[in-house]
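Both of the next two complexes hold chain A, though its partner changes from chain B to chain C.
The block that comes next holds the complex of A and B.
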């Protein structure tokens, strides 16, 4: 049997330290491999080693054979010639992978023309066809900054596959997408092996693995934990790590206790009446009402672009609503409404140690530093982490530090804008668990914005669906 | 041209037109006030300029004062100038008696030639240097050009001009020292200004090339199959050019200031040279006229930069 891709004892080293491997797998046409594991487990290193895009400080060992040719022994320039024509890559952050100054259509048609070797007219015709198939009609003239995450992912897909490469490498293809777009991207990927291609997908999402099926490799800290058919591994995992990945899927979360009798026992902390919000002059929705009580957990669910973030900003008093009112309980200052952001690194100054940021907030609000440290301890953050800069801690740690920062002010309401959508499933579950515990202990209300109904159902006392 | 592009062009034009109006009034008032603040009797200086120091006396100065209305209150003189300006009349040179507009229109051409030459020279230096340094950050080219950039930015334009004259004109005899007799005269003054401009813009370009080469979209362009050359020409250069072109706008202040100094050093028959002479001669009308023209030139060049940026970057265009 001739495999389209054959990997034998592949490992990636930084100097003498092994970061990933050894792993082996074979895939023939129509095959699917899913590589699973947390961020930092070395999943992306496999893709980079196959492609030949490892940073200079790293090197790979082992054999990689593509269509019968030993890729690992090829010169770099020869490997690069395979890009787009033999191996296509779907990038992790589609927004950042598209040229910000070039319109969507041209980014795809140039690949048809230069990589596919088609004449301009044919390249344009094929691009138009791809836009139609992918549901991108109307987006031809758009620039990447005006595309939604899902659209950008599909444009990148169209551009990556224009050269008709039989092997597709997809690195975290569903990261940050809402439930509906998530499904669409997975459907798109599932088509690749059906049409005779070979798919290698990297993900930390169990639901993606389940849908793509095929073979699965589970990595932890770069080491192989488990390998086998996806159906078997997901049904009967042999390692506890795989089990914990499966448990972290929101579908499998235990149900949090629903607090139902709040109305009698707790004070109202925030009242929203008849709120309407708009973004760049366009009204997003109106007539939004909400009464929040201390300690309550409310989930706001809705697809991307519906205005969830704008709504939170209005509730936080950061923007002026189009209509309606947001009222805090009389005894509360405006600091008692705090916000958590979706992208933790963007919520911290990049070049300043975390300790300074937290100390500044504590000093400004006359909060005792030791109480901040206590909060951090409860959130499982070791104080030594605070000497680092935001990009030197993990996303989950940073989000927990930003929770601690918000709690420094002693909030009554915490508005959390998809605080875990960029985190690993295990970290996501842990972070939300902690948020639940803290809310109960400190008696503050949480409004959690999420696009995942499973999370809303399992975690919140009640769910408001925005349509 | 698409209608979206037309709209953005008109938006830029309208903004700059308003700016030009404000610049005209402010420059007129400020230059007038500064001339008033200069010590000495303007009428004496003007009479000296007209007849020569040996041929003038107090009577001649008084005659000049009366003729030009220098005895009138300053505020009235300013008002007369502004009123004439509103009718696009810059008045006549107090020393030569010729219309200021005639003087400036010949000088402006020379100054624009010099400014253009300086920008071309700076790009000829900055583009290859910045790209070479950016493609190999912290390499030998990067480090050497960084040192040279600091050096050239630190040297004032007049000193650099004199050094260049000493080397290329006096020692090597490659180019004429000063004046304007032909294109060969353009080289040294353009180079003087161009080196100062390139000293900073090559670093801006270097940084934007480094950013572009590290960008996810550059790697994706490669992995989707485009060659290194195509990725460079179709994606990297356009993205890297944007900050550089925008930065030229920032550098215009240096350029205009440099034109005044470098023209004086090289006896270049341009508007900056005329401005310096007019100040010494207390030729108020000429000072106001030249300062105004330089101010408007600044606005006009900024408009060009604006339009170039909008041409490169489609993001700001209204859909």
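The block that comes next holds the complex of A and C.
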């Protein structure tokens, strides 16, 4: 049996400390390997070790054989020649992999031309074909910063696969994609082994593992937890950690209690009537109505690009609606509508210790510092973390700190813009559980924007679907 | 919680690493020495930089003349100190008068956007079209050897740099979700400036300021050296170089002194901000 990738006792070290490994696996043509684990488990290190893109401070030990050649002993320049033609990679943050000054079509056709070695006309034809298959029609002339996350992902996919490399490494390919795109990207990836290629996918999403099947490796803190056929591992996990990863899949969440009798008991905190919003002159939707009551949990579901964020901005009073009204209950100050953001580090000033940020808000709203600390404690945040800067704490913790920051104001409505889509599944579940508890305790309404119908169904009192 | 940042002890925590590197500390030390020299001036050593003594020209360093005397028997140390006073005060003044309005206009343009931004931007472009060197030459022709003419020529167009840098960076920072969050929380513009803007653009502005000061010092010396800037008998480093140039064979030690002063000043300014933006 000839393997396309053979990895034997691969470990990654920083100096003398082992960060990841040892792991071993073999894949032949048509094989799939899924590497699972949370952020910081060392999943990406495997991909980097195979590619030869480890940062200088790290080094790999063990044997890596690609198509019968020992790549770990090759010179860097020789390994580099394999990129795109033998091994292609779909990076984690696709918008960072794209040239910000080049239009989408050009980025892909260039890859066909230079990496795939095709003539310009053929490269253009193939690019057009790829754009059609990937549902990117109309985006040809767009610059990467005007593409939505999902579109950028697909442009990056089109560029990565342009060189026809038989081996594809996909690092968190579905991160931040809506349900439909999620399915499409997984289908795209599943095609790779079907057509005789080899796929290595890195993910923390159990549903991706289930769909791609093949082999699975579960990592935790760099150590191998479990390895085997995906079907077997998912059906009968031997480790409790694998089990907890499976439990964290929104499909397996327990159903939250639906509060159905709010209309009689609770006050209306926000009314939206006949709202229409537009972004850069384009009308996104109109005639949107919503009545929010204290303590209510509403999920807003819809594909990316539909204008969910813009709608939230209008509800928060950050932008002027095109038509219609957003009315707060009269007793409320304008600060009672607060927002949670998708990317927690981007929601805090980068160079300031978190303590100062929270203290600024507490001072302004005359909230007692000790009550802020109590809230933090309820959210499971140790006060010592507040001496750090935003990039020195984990995403889940930072999102909980931003919940605490919003609560300092005494909000009546919390607009959560995909607050957990960048978090690991276990953290995602914990964060949403806490949000639910807090909303009940402090009696504020939550509008949760999500692209995951499962989450909406399990978590919210009611779901509004935007189409 | 599986998603916990490990609690590091204080000595391991990231913020505990030293703030300044060796090079930067050297820069600070040199700057401090220069600042003392410039503040004290010739009176530090109790000598008059203009007092000639034709009986004691080209003297070697001695107790009464620490760095010797020049071709007219003037005390070199006093003249160098007087030069430091001139160069550094001009550098400081030009940095302040260019940096403050430039930064302010930049923040205003980024904050207000729209017409304000376009108007200030157009004005700054118009100023840039004015060549600084030409301005110096023109002003020097109008009032030769005037310190103020020199200052105006060097710094009138300098604010555009600060304006462009601040506007560019501030636009990026102000459009971040973090700023939106702070606004929603009701934080005042002053807090937004202090927490978001200043920490982001401060280090870059300091670098601009230090490099601007170094450029101002060299400009003064260069203009003095080609007899466009200050005139003899003013004790200015560039002027001193011109005066001492004919005697470089007999007294190389003398002409080296203003040259070294200039090098050290520029080096000190560059070193002091060198590591400011290192992650």
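We adopt the following convention: the second predicted complex is superposed on the first by the 465 of 467 C-alpha atoms of A that agree within 3 Å, B and C clash if a C-alpha of one lies under 4 Å from a C-alpha of the other, contacts with A are read in each partner's own complex, and residues count from 1 in each chain.
Assume a contact is a pair of C-beta atoms (placed from the backbone, for glycine too) under 8 Å apart; a residue touches a chain by one contact, two chains touch by 3 or more.
Please read these numbers as outputs of a predicted model, since none were measured by experiment.
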Next item on the list: Judging by the criteria at the top, classify the pair chain B and chain C on chain A as clash or fit.
Entry: clash
Check: For A:88, is the partner it touches chain B (first), chain C (second), both, or none of the two (neither)?
Finding: first
Next item on the list: Using the touch definition from the top, say if A:114 reaches chain B (first), chain C (second), both or neither.
Entry: first
Margin query: According to the stated criteria, A:405 is in contact with first (chain B), second (chain C), both, or neither; which is it?
Written below: second
Next item on the list: Would you sort A:341 into first (chain B), second (chain C), both or neither based on which partner it touches?
Entry: second
Next item on the list: Could you tell me if A:369 is touching chain B, chain C, both of them or neither one (first, second, both, neither)?
Entry: neither
Next item on the list: Would you sort A:318 into first (chain B), second (chain C), both or neither based on which partner it touches?
Entry: second
Item checked: Partner chain in contact with A:394 - chain B first, chain C second, else both or neither -> second
Margin query: In the overlaid three-chain picture, which partner chain does A:53 touch, first (chain B) or second (chain C), both, or neither?
Written below: first
Checklist line | Residues of chain A touched, compared between chain B and chain C (which is higher) | finding: C
Notebook entry, point to check: Is A:352 in contact with chain B, with chain C, with both, or with neither (first, second, both, neither)?
Noted result: second
Margin query: On chain A, which stretch or stretches are contacted by chain B in one complex as well as by chain C in the other?
Written below: none
Next item on the list: Could you pull out which chain A residues touch chain B in their complex?
Entry: 51, 53, 80, 83-85, 88-89, 91, 93, 96-103, 110-111, 114-115, 143, 145-146, 156, 159-160, 162-163, 165
Item checked: Complex contact set, residues of chain A against chain C -> 38-39, 244, 316, 318, 334-335, 337-339, 341, 343, 346-352, 356-357, 360-361, 364-365, 380, 382, 384-385, 387-389, 392-397, 402, 405-406, 408-409, 423-424, 426-427, 430
Checklist line | Contacting residues of chain C [partner chain A, same complex] | finding: 1-5, 7, 13-15, 176-178, 180-188, 191, 195-196, 199-200
Notebook entry, point to check: Okay, in this complex, where on chain B does chain A touch?
Noted result: 215-217, 219-228, 230, 234-235, 238-239, 242, 312-315, 319
